[in-house]
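These notes open a run of structures that come right after.
In what follows, subunit A forms one complex with subunit B and a second complex with subunit C.
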Partner chain A sequence: MTSVLGFTVFGVDWVFLKPYIVLGLALGGVYALSGVGIVVLYQATGVLNLAFGAVGAAGALIAYWMINHTSLPHWLAYTACVAFGGIVNLLYGVLFGPAFAKRDPLVKMMGTLALTLILLGIMAWRAPAGGAFVRVITLPTTNHTYELFGAVVNLTQILALAFAVVLVVGTTAFLRFTRLGTAYRAIADDREITATLGVPVRRVEASAWLGSGIVCGASGLLLADLFTSLDYAALTFLVISSLAAALIGRLRSLWVTFAGGLAVGVVQAILTPYNSVTNYRSATPFVLSIIMLLWLARRRVIVFSPSTR
Partner chain B sequence: MRSRKVTVGVALAACSVFALTLAAWATGSSSRSASPLVGSGTASATKAVCGLGNGKKAKGRPIKIGAINMLIPGVDFTTVAKLSEAYFKCVNDNGGIHGRPVQLIQYTEQLNPAQQASLARKLVGSDKVVGIVANTSFTECGTNWKYFQSKGYVVIGAGVQAECYGTPTYVETNMGPRYSNIGAAQALLKRGAKSLIIASPDTIAAYADGGVLKLAKARGIKGQSVPVKLPVTDANSTILRLVQAAGQGGGVILDFTPDTAPALMKAAIQQGFVDRVKWGSSTPIANEEMAKQFPQFDGKIFINNEFSNLSSKGPDETLYRKINAKYTPKIAIQAFGQMGYMDAKFATIALLKVKGAITAKSYNRAVRGLKNVKTDMLCKPWYVGPLKYHIPNNWDITVTYRNGKVVLADKCFAIAPVDSEIVQTRKWERQFKLNTRK
Partner chain C sequence: MAVAEAGDRRNWPAAVGLAGPRNIVRAVATVALLAIALFLIPATLGGDWVNTFTSVAIYSVVAAGLVVLYGRVGMISLGQIALLAIGTWTATRLSYATNIPFPLLILITASITCVIGVLIGLPALRLSGLYLALITLMAAGAVNVVLGAIDFPNGGGGFTGRTAVVNLSGLEPVNRPSGAGGDIAYYRYVVVVCALMFLLTLVHFANKPGRAWATIRESEPAALAAGVNVTLYKLWAFALASFITGVAGCLLAAEVGRPTVYGFPTQDSLTMIATALIGGIYTLWGAIVAGVFMQLVPFIFQAEWHINPNFLLIIFGIGLLQVLLTAPGGLVDQFPKDMAKLGRAIYGLFRKATGAVRRSG
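Entry: the complex of A and B
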């Protein structure tokens, strides 16, 4: 590309590159949001929730159905999506959480994989992808657009990023200053001892499932609006980027997870105009998480377990 | 310990109730009330019928036909076989094949060559199908063409990759993305596009985009292929790259199914790119669902349509709509439906031509003998014939969106002969009189 300002980054004019950074931040905001939801649940229950994307996708499909096949107000459909995430996660946590509580993290994770497959099956059955059926969710905020460094961003993208920041700040404060937050941290340290101290462990864990589920539903709604048509499989597997963000944060640090989500989004977007690597940019989440793991291994600080029980 | 058992019991009970409820829901939703017979009567220039069209239910041992369709995140090709199955049901409701019903056995694959190969062997070896109809996949032609050839099968399907149009085994009702993209590029050039940028799924881009690049080179303008990994997770960045590459007044061709195209079209609308470049597309998004969803593209996207316009009143188009409404009411009217309809229609014609016992040998011999098969869904008659490869569909129309409808933009035109295969195909058509009968 010909340089307009005489300033190129690895051969791509800065003017051409700037919009990708803005679009990447918008994309990364939702990855960060989902990543934080995953980390909070992991910290409280020790469960790495692989069903995060599937639950969000199912919620978005319910919202789509309510919008297009009922006369109910749209806000109710959006609420239903968020509520669906909360309810499914809560039910899973209440019904299966105690049974899995003392199992290895891998076993706990496999439980959520089962939930993913069940939801995928139901979605494939009731809302098959393909053909000419075009499912698109457009939130009212998406129609408000702003130009920034040559890219157009909409209010939904800005809200997603803001929501992620609020979630990180709010969760950090919640964990530090509230009784329930203290209980979360105590459970993360040692579930058994916390229980013997009279903390209602199951109720505390249930609240973590509910909170994470609400974030999950909100993420599903945002992702369905922003990045794809309502393809349940694509939405389900978008969780990979969020998981990478969570891994970058070592499943512990909310702020690093937030930064990791943004990094995945920005790097993925910035690679787009480079012909030599653009076809590999979908590997960004894996590459970044591997780099982070190698970096941590160098300092021997890889600790993923939320507790030492 | 006891409370844990109770919890697990409650969980299992809840799951059972949930599963039963879902099952009841599904069963209820699939029940179909009795509907009038379709496809009956006598075929004429203005009326198409299903098979014999006698309105009698076929009975007895079914004639088995097999299909393999790709189903991956971002692309679902099962619609093709679903519509073929619907057509066969219509045939079965109208006398079947001289009284015998046709049964379509459909399998799905996920771009795994081992899976594709084993499904082909299962259909031929275990299921004992007499023919293969409605196969559609990004890569299945390449995996199975030699096997099917060795068994004497000629596949009537809807193709995507080079082997679907470059081997004697497959004869497709569509022309596939390469030639459809060339048609879209011709439409954009006709409207003054100064460059041709094309985006296709990365698994087929090398083949699907190659013809457009040749056309751009022949016209002395910029041509670029942008392979896109599916599912698309960063539509905004992808669309920005395409528009930047095209430049003001350039042409951008989207070669995606309705599973993926909406994400890119939404991004184009959001980024304010709809009027920045001239938009083109291959066939799959030529349907009213898309037209209704994207009024912003009214008159601004030129879609190459390998088949007749979906709203046309021709006999096959009319019968397709009726069959779709009766047998697959949940599937929207679309190009993949047209492909499935034609696949089954042509297979039925071959089956009805078989003299004596219907076996794999007799059916596939009948398929090879098909030529000058008329349908209003194609610009020219369809054929098989004794050829090294087949591109029987090589004339197209261009359509665009208008007020939620898909409307005609360009009448039937010949796909530009930038590939030697198209040149050779047209020679064969004249030599063997394959599609010359009016």
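Entry: the complex of A and C
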């Protein structure tokens, strides 16, 4: 299908395409990162967290404020962003998780929608986006650039991808080899029976909220850097790209989610130099996940619904 | 929690009979509301207010679509505002391209939106709740990207015309119906059309589709077993919701005159479902409350009190949590109950007081 004739791909020079692939891999790494966070939380608690983007964006705004309006060291601001993600998610999980525990997955998801609205409201109120004023977060690692395969890569981009790999490997090992990981898998299987066997279900779920929240804060920070501007609305709805990754992984497989995240990132970036479709490239995650949903529904089965398992 | 769980399934309005005392109250309330909307509001309020109430009517029709989809059939759509945008786009383009009379424009727009809505809804036949919600969210995002990329709706001559002027100034506004060109006349026109859409929905609720939807919502396997054509009636619900949303889109196009893509952010689709749930997703009264929350309340905050209405999102979020956890019927269900409780409490106090007086006398 791909007509690689010499050094052009569909009429665009290969050399010209390479930086987009690098950018796509980096963004894809972050999508994969948050996708994995979404999948683990969904498996452990049955909550599909739509607030993932909003929490990350709010964390990044806090980091931005600390960098530009206080004299605190920058690393503290970055830590605050990651910690904010963890704390907000944990609070939501502890306060509302038990109340939603026995409800339909749809209702659980609507609950996180409420969290999204609350955070959006706070961000729009306290940090309104205004005209030409653009907020920027530049991580110190962004200034380190390397040349890889003829394309310029910065350290943040490498770190984004590396984080994603580490997270997938780490989470897979965690789920398989630790007691807590076994508890996660048991809850994903049957919450009631797991509780009967003496696993402190609520504490285990709280740990899942905390873990996914930390991932969420980290990806918010990385996205704020990679996207060059810190627009809270855009960051909030980037959750859709991560959702696409999670859906490609059928909300189950971490490795397929990882691959899905990279695919979404690369496809989106690689379309940039093609004039006919470049304006539509931000629709990539939507289109990919719609295709995926339709593919999953090709037979009349109620797909991966925990209640019918 | 037990209350909320029971409410998920059992929060049904009383069976629709025609002459019950509740229906008489409802009929009186409806007539009073229509009278206020048609005569009192334009007579007493200024131009901005009238325009805002036009928007309230339009968005309450969008919310009515959600009442059909979620309240009756149990399918959630996170993309109704994108559908509204499609309706507005279609109406705008048709208005620039042709000279058809406004009622016909409404019908054509609604039919096109209806077809698109059904196409989006097709996967609903196979996907369960959560995934349907996601696919509509994705579709909303995709529609937004496409409308942004093609400079929605960017009027110019003909069906595909474009203007080079960025802020669309100097562009002819979308035609309003003849005889209703002024804001107040157009407001009345919108209220009447919206009331007709509510009536159309009510007719559905009271007849065979309404019963079929209720069965599907309670249990799809049971509906199948009872011989309900689940495929047909789910698609019918999508068709109805999309049709009335298309009507709303057409009305909105003529209200705004020169619509832009910025009027339809993805965020609004989320606010829409939140306000519809807060208002009360199980009855059409809730849809009206949702329209008020979407348009009137932000207007009051911004224009009258000079407070950034974005802060309302926080309240909507909290309200949504409240509805999901403790009050599934929303404001229209909860408010009268709370008022009745308050009334009983006051009456109790009154009885005690008079009793005490009588005893001492």
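FYI, the second predicted complex is superposed on the first by the 278 of 309 C-alpha atoms of A that agree within 3 Å, B and C clash if a C-alpha of one lies under 4 Å from a C-alpha of the other, contacts with A are read in each partner's own complex, and residues count from 1 in each chain.
Here is the rule we go by: a residue touches a chain if its C-beta (ideal position, glycine included) is under 8 Å from a C-beta of that chain, and two chains touch if they have at least 3 such contacts.
Not measured: the values here are computed from a predicted model.
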{"item": "Subunit A as common anchor, with subunit B and subunit C clashing or fitting", "value": "clash"}
{"item": "Contacts of A:104 with subunit B and subunit C, given as first, second, both or neither", "value": "second"}
{"item": "First (subunit B), second (subunit C), both or neither touched by A:48", "value": "second"}
{"item": "First (subunit B), second (subunit C), both or neither touched by A:70", "value": "neither"}
{"item": "Touching partner for A:114 - first (subunit B), second (subunit C), both, neither", "value": "second"}
{"item": "First (subunit B), second (subunit C), both or neither touched by A:294", "value": "second"}
{"item": "Subunit B versus subunit C as contact partner of A:237, first or second or both or neither", "value": "both"}
{"item": "Which of subunit B and subunit C A:279 touches, first, second, both or neither", "value": "both"}
{"item": "Touching partner for A:20 - first (subunit B), second (subunit C), both, neither", "value": "first"}
{"item": "Partner chain(s) touched by A:247 [first = subunit B, second = subunit C, both, neither]", "value": "second"}
{"item": "Steric overlap of subunit C with subunit B in the superposed model, located at which of 40-48, 130-138 or 220-228", "value": "40-48"}
{"item": "Intersection of the subunit A residues that touch subunit B with those that touch subunit C", "value": "96, 99, 122, 125, 128, 233, 236-237, 279, 282"}
{"item": "Subunit A - residues contacting subunit B, complex", "value": "1, 16, 19-20, 23-24, 26-27, 91, 95-96, 98-99, 122, 125-126, 128-134, 136, 138, 142, 145, 151-152, 154, 227-229, 231, 233-234, 236-238, 241, 265, 268-269, 272-273, 278-279, 281-282"}
{"item": "Complex contact set, residues of subunit A against subunit C", "value": "48, 96, 99-100, 102-107, 109-111, 113-122, 124-125, 128, 233, 236-237, 240, 243-244, 247, 279-280, 282-283, 285-287, 289-290, 293-294, 296-298, 300, 302-303, 305"}
{"item": "In the complex with subunit A, residue positions of subunit B that touch it", "value": "4, 7-8, 10-11, 14, 22, 26, 71-79, 202, 226-227, 229-238, 240-241, 244, 257-263, 266, 270-272, 287-290, 293, 331-337"}
{"item": "Touch list for subunit C against partner subunit A, complex", "value": "1, 4-5, 8, 76, 123, 126-131, 133-135, 137-139, 141-142, 145-146, 148-149, 265-267, 270-271, 273-274, 277, 308, 310-318, 320-321, 324-325"}
